[in-house]
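Order of writing sets the chain letters: A, B, C, D and E. Residues in each chain are counted from 1.
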Amino acid sequence: KPAPSGTGTQCPECAIPVTSACKFVTAPPEGEKVHIVLGFDANYPPFTYVLPNGSAAGFDIDVMKWIANKYGWELELKPWDWSTIVTALENGDLDVIASGMSITPERASEKIWFSIPYYSYIHELVAKADDTRSADEILNSGAVIAVQKGSTAEEWADKLLAEGYNFQKLALNSYVEALQALLDGRAQALITDSAFLEPYLKQHPDVAAQVRVVTTLGAPETYGIATRPCDIWLRTKINDALHELMTSPEWNKLLEKWGLG
Amino acid sequence: MDPVWWEYIPYILQGAIWTFTLVGGGLALGFAIGVPVAMGQKYGPTWLKAVLDAYVWFFRGTPLVVLLFLFYWGVFPVLLGIKLDALTTSIIVLGLRSGAYQSQIFRGALNSVDEGQMLAARALGMTKWQAITNIILPQALRIAIPGWTNEYAIILKDSAICFTLGVIEILTRTRYVVISTGEALGPFLFAGILYIIFTYGGTKVFNIIYEKYHIPGLVGKGV
Amino acid sequence: MGRGSEMVGDEIVLRVENIHKRYKDQEVLKGVTFEVRRGETKVIAGPSGAGKSTLLRCINLLTKPDKGRVWLEGVELTDPETNINKMRQKIGFVFQEFNLFHHLTALENVMIGLTKVKKLPKDVARKKAEEALLTVHITEDLWHKYPAQLSGGQKQRVAIARALAMDPVIILYDEPTSALDPQLVGEVLRVMEELARKGVTGLVVTHEIGFALEVADEILFMYGGRILERGPPREVVFSPKHEVTRKFFENITKLYGGK
Amino acid sequence: MGRGSEMVGDEIVLRVENIHKRYKDQEVLKGVTFEVRRGETKVIAGPSGAGKSTLLRCINLLTKPDKGRVWLEGVELTDPETNINKMRQKIGFVFQEFNLFHHLTALENVMIGLTKVKKLPKDVARKKAEEALLTVHITEDLWHKYPAQLSGGQKQRVAIARALAMDPVIILYDEPTSALDPQLVGEVLRVMEELARKGVTGLVVTHEIGFALEVADEILFMYGGRILERGPPREVVFSPKHEVTRKFFENITKLYGGK
Amino acid sequence: MGFWEEFIPLVLHGAVNTLWVLVISIPASVALAIALGSARVYGNAPIKAIATAFVVTFRGFPLVVTLFLLFFGLADLGIYLTPYQTATLAFVLCGGSYMSEYVRGAIRSIDIGQSLAARALGMTKFQELIYIILPQAIRRALPGLSNEIIYQIKYSSLAFVVGYEEIFAVSKTFISRYFMPLQVFMVDAALYLAMTTAAAYGLRALEYKLRIPGLEMSIR
């Protein structure tokens, strides 16, 4: 695990723009209540989703609650559409995004900077349990392979296609639907990430019996908490807290609770 | 065993408050805009027609997501210097857009009122305005009712797109439930039926109005 | 001689000068000039398509003439400065196709001009409208019917009542008795006479030559967009100057020759 | 005596028996019975609102009578088994309000029944339609105008041509000359006579008593939803049995008394 | 690779896909709408009931739900529609239902004299509908239909939920990769505006071409 740093993952050559949305550049005056708006995409269990009573839940939510609790911050939870979530952050509608957000160089730009990575996962090629073909056979069979629209899994699919593999990409709206397509027989395989798949299979043993992971793809990737680049104080505080949490026994309990162990 | 998503039914239903706030606000505002725009397009001076055509062109042609995006982060804060909350922005944008569509519904209706009606009204000494409000509009509004029920049905569902700005109504909630429970068909079917009830109920109301104001003996259902 | 003539003053109520109108390829009015004095009843006759309806519509500018001028009581209607809506209140108009307001009952059709244009209070307007309807024998049982529920003659009479109720200076009638039976024709004519006596001037497009002979002070015979011939009714009908006029009216003698 | 009578055979073309019709609160037809023989021209007269138009519409079932039966050439129209569309081809109908098809030109208005209902080839239909239009003096320059571009009289004549062109057994005319000038009235009447001579029967609602006197074999005088009086035209008009009939027709003498 | 060089070819490919769906679905929707609208006014009781139920259902279902049911629901029954088939079919069902409402309203705004005259000529109810009523009704319904056609062009973006690679699907992928919604939306808006403008312009021209001389006051 990386040591805590002041800046987390950032864009090295980017200047830090200070806009009116920047609220946490430096420490707020003593005694002032810190109010943080947490934006998340409720479409991403077990990291962020909603409970039947409408309240937010998930691993990321628990992490942010722990951090807010530690500092005595007020935490406001705001579900937000994924496609405009960064714009909302930039414009001050949100202050942090903790929603299973992968750290990629494209994302860590002048718009958002990340905290230290707090979770790592790997992409996987999944097929039906009775499909005995190898990964290469599947990827070259012209078969339909389902992914989630806009996910890093789709990036993987695109990358493989660009490398000359022969399959059809079917990009659906969520992992759940992509998995559904595999189970329906509409797709012959699925590219997904372990962050989604493993907890899901733990929760749904019947599904787990029907599928098998054919192979993993590439190296592990990581999630980070996104903030405005200018909110240096906030990011530092989050990094400190994350570091503390990740080295405490509490961390494993949290992972355990959400099936991410 | 009951499907897990059943527990979420109250949560989905609570979205109806937002749905109807958006629909009510958007439709009413759209009506207030659409009727005068249609009249302007039909009876106004050329320059006004050009302006209104441009308005209709832009708001009818641009996807709602884009409009919401532009108004929430662009037009209001940057151009006008006001920061409106997501709900208000959504209602205004829905209203502006619906106004563009409604204006075309009314334009069609105005065209179906025969020329003699205008002539007779003007012959009585009515101004163009009086003729429109007293004679043409009451007849056109009746003709427009079926089109209006469409607009209602559409805006009812399009309100879902306001989620772009974080307004969480029925359809968005349904999606959350699908994802949170991993069950897709059930919640979607439930939402579908819910919308059918809303659409059908609303359409029923419009139909009652339509039949009530149906001019006796005038128009056909075939012979 | 026309009956109305004894009350005709010298005051010119309506002056129409050199009206032209063309629809694309076809010149429908080719310069029409005439005047109507107060209390006069003037009849316009002529074959189908001669431009009679078009002329009437040009007078109160429902159709914009391409050329020519119109005055009512000395005010030029064709002057763009003139408030045409104000002036139209003084010009009753009875359409050949009636053009009743579809969405209003018979009574409301007559009332709407009074309440919305003349701004009379509702009860006053209602009384006036009822009177006008009774004048043309539309009785109470028909007041609340919609146009589509009325017979042809009933519609025509409501249309006349609608014009009447406005207390106009002049009424332009476009075939006001076409859908009426002879009895009603007689009654409507009586109404028109009475109005003439009260100084309400009438300009009537009609094919009822009997009516023209009885009531009109002058006949204008239109042909091909022009006034071909004009003069006292008996003269124009029985000893016309032109061949076309003679041919036009000769059927009357034939038709009613039996009597 | 009516002119047409010499060609009237004994064959009954149309039989109408005990027709009743009510609109909500109002009984419009209270039992009407009569028959028309081949080649006959029968006139229906009566005050506005008497139910004349309603009666005509009941004959070809455009309005469903509440009670009563109708036969055309021995076939019962009111029988639900009868193919009414087939039968209606044999019944020409000229509407009081013309009801031309707004979206079709004059010529197309006349052609559509021939091409779509009678399934005639286009060129045959066109020739027939042109003939029919010329019969009613709608000349070539008007063939391609739309109804909204025609004058009142022109519309009415197109409506007549539309009925004519179908070669019907009987034509029902609802005030077919209301918008026509006397010259055209004369000509349309001549057309009707000719048709009668060819055996085309006519049932005419009209207020043109002159026409009735000239052409009709019989007048049916309707009053309040009933046939109050019927008989040879001169009898009904000049020596009617009922007071209402007398009053109805008395204006004619007054109106044309001058001649 | 820069944003533009990467995004533009992709989104243009998406636009072609969008057009492919619309080229089929729009005419088919109009045809369905005319059938449904006519059936609801002129049909006998059972036909009326069926047509009404059809319209209530597909006007009621959000398009997303219809797409979803056709894609996943039918798959459960062993019927696998491709994303293209699903999208086209869903648009026709939904668009046809909406459009039918305008057709119905327009039919009912034609004055009764027109049907009387048609029947008096001996036309059957069906002939009356085809030759007299619909030609007039469709003219009156055109402004409303153009609304729905334009809606349909924009709603084609929903095809992404069944994995159809149209404009919006491409954009969504792009946005979540680079988080540049403004630029992406601007390109999308321009594309949709171009399509809707073409449609609106064409429909206006049609409306103008079909106008009945002298009848309407002033169609522009």
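In the analysis below, a contact is a pair of C-beta atoms (placed from the backbone, for glycine too) under 8 Å apart; a residue touches a chain by one contact, two chains touch by 3 or more.
Everything numeric in this text was worked out from a predicted model, so none of it was measured.
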item	value
Joint neighbours of chain C and chain B, given as chain labels	none
Farthest chain (mean CA position) relative to chain C	A
Pair of chains with maximal C-beta contact number	B-E
Centroid-based (C-alpha) most distant chain relative to chain D	A
Centre-to-centre distance between chain D and chain C (centres being mean Cα positions), rounded to whole Å	28
Length of the line joining the C-alpha centres of chain A and chain E, rounded to whole Å	38
Interchain centroid distance [CA atoms averaged], chain A/chain C, Å	82
Between chain E and chain C, distance of the C-alpha-averaged centres to the nearest whole Å	50
Residues within chain C bordering two or more other chains	97, 148-149
For chain E, residues that touch 2 or more chains besides their own	72, 76, 112, 114, 116, 119, 181-182, 214-215
Multi-chain contact residues (two or more partners), chain B	65, 69, 73, 115, 184, 217-218, 223
All chain pairs that touch each other	A-B, A-E, B-C, B-E, C-D, D-E
Chain E-touching residues of chain B, taken from the complex the two chains share	41-42, 49, 57-58, 60-66, 69-70, 73, 101, 104-105, 107-108, 111-112, 114-115, 118, 143-147, 149-150, 153-154, 157, 160, 171, 184-185, 188-189, 191-192, 195-200, 203, 217-223
Chain A-facing residues of chain E, complex	72, 75-76, 80, 83, 160-163, 165, 169, 172-173, 175-179, 181-182
Partner chain B, residues of chain E touching it in the complex	41-42, 56-57, 59-66, 68-69, 72-73, 76, 98, 101-102, 104-112, 114-116, 119, 125, 128-129, 133, 140-144, 146-148, 150-151, 154, 157, 168, 181-182, 185-186, 188-189, 192-193, 196-197, 200, 214-220
Of all residues in chain B, those that touch chain C in their complex	116-117, 119-127, 130, 134-135, 138-139, 142, 213, 215-218
Contact footprint of chain B on chain C as seen in their complex	57, 60, 62, 85-91, 93, 95, 97, 99-103, 112-113, 116-117, 145-149, 162, 166
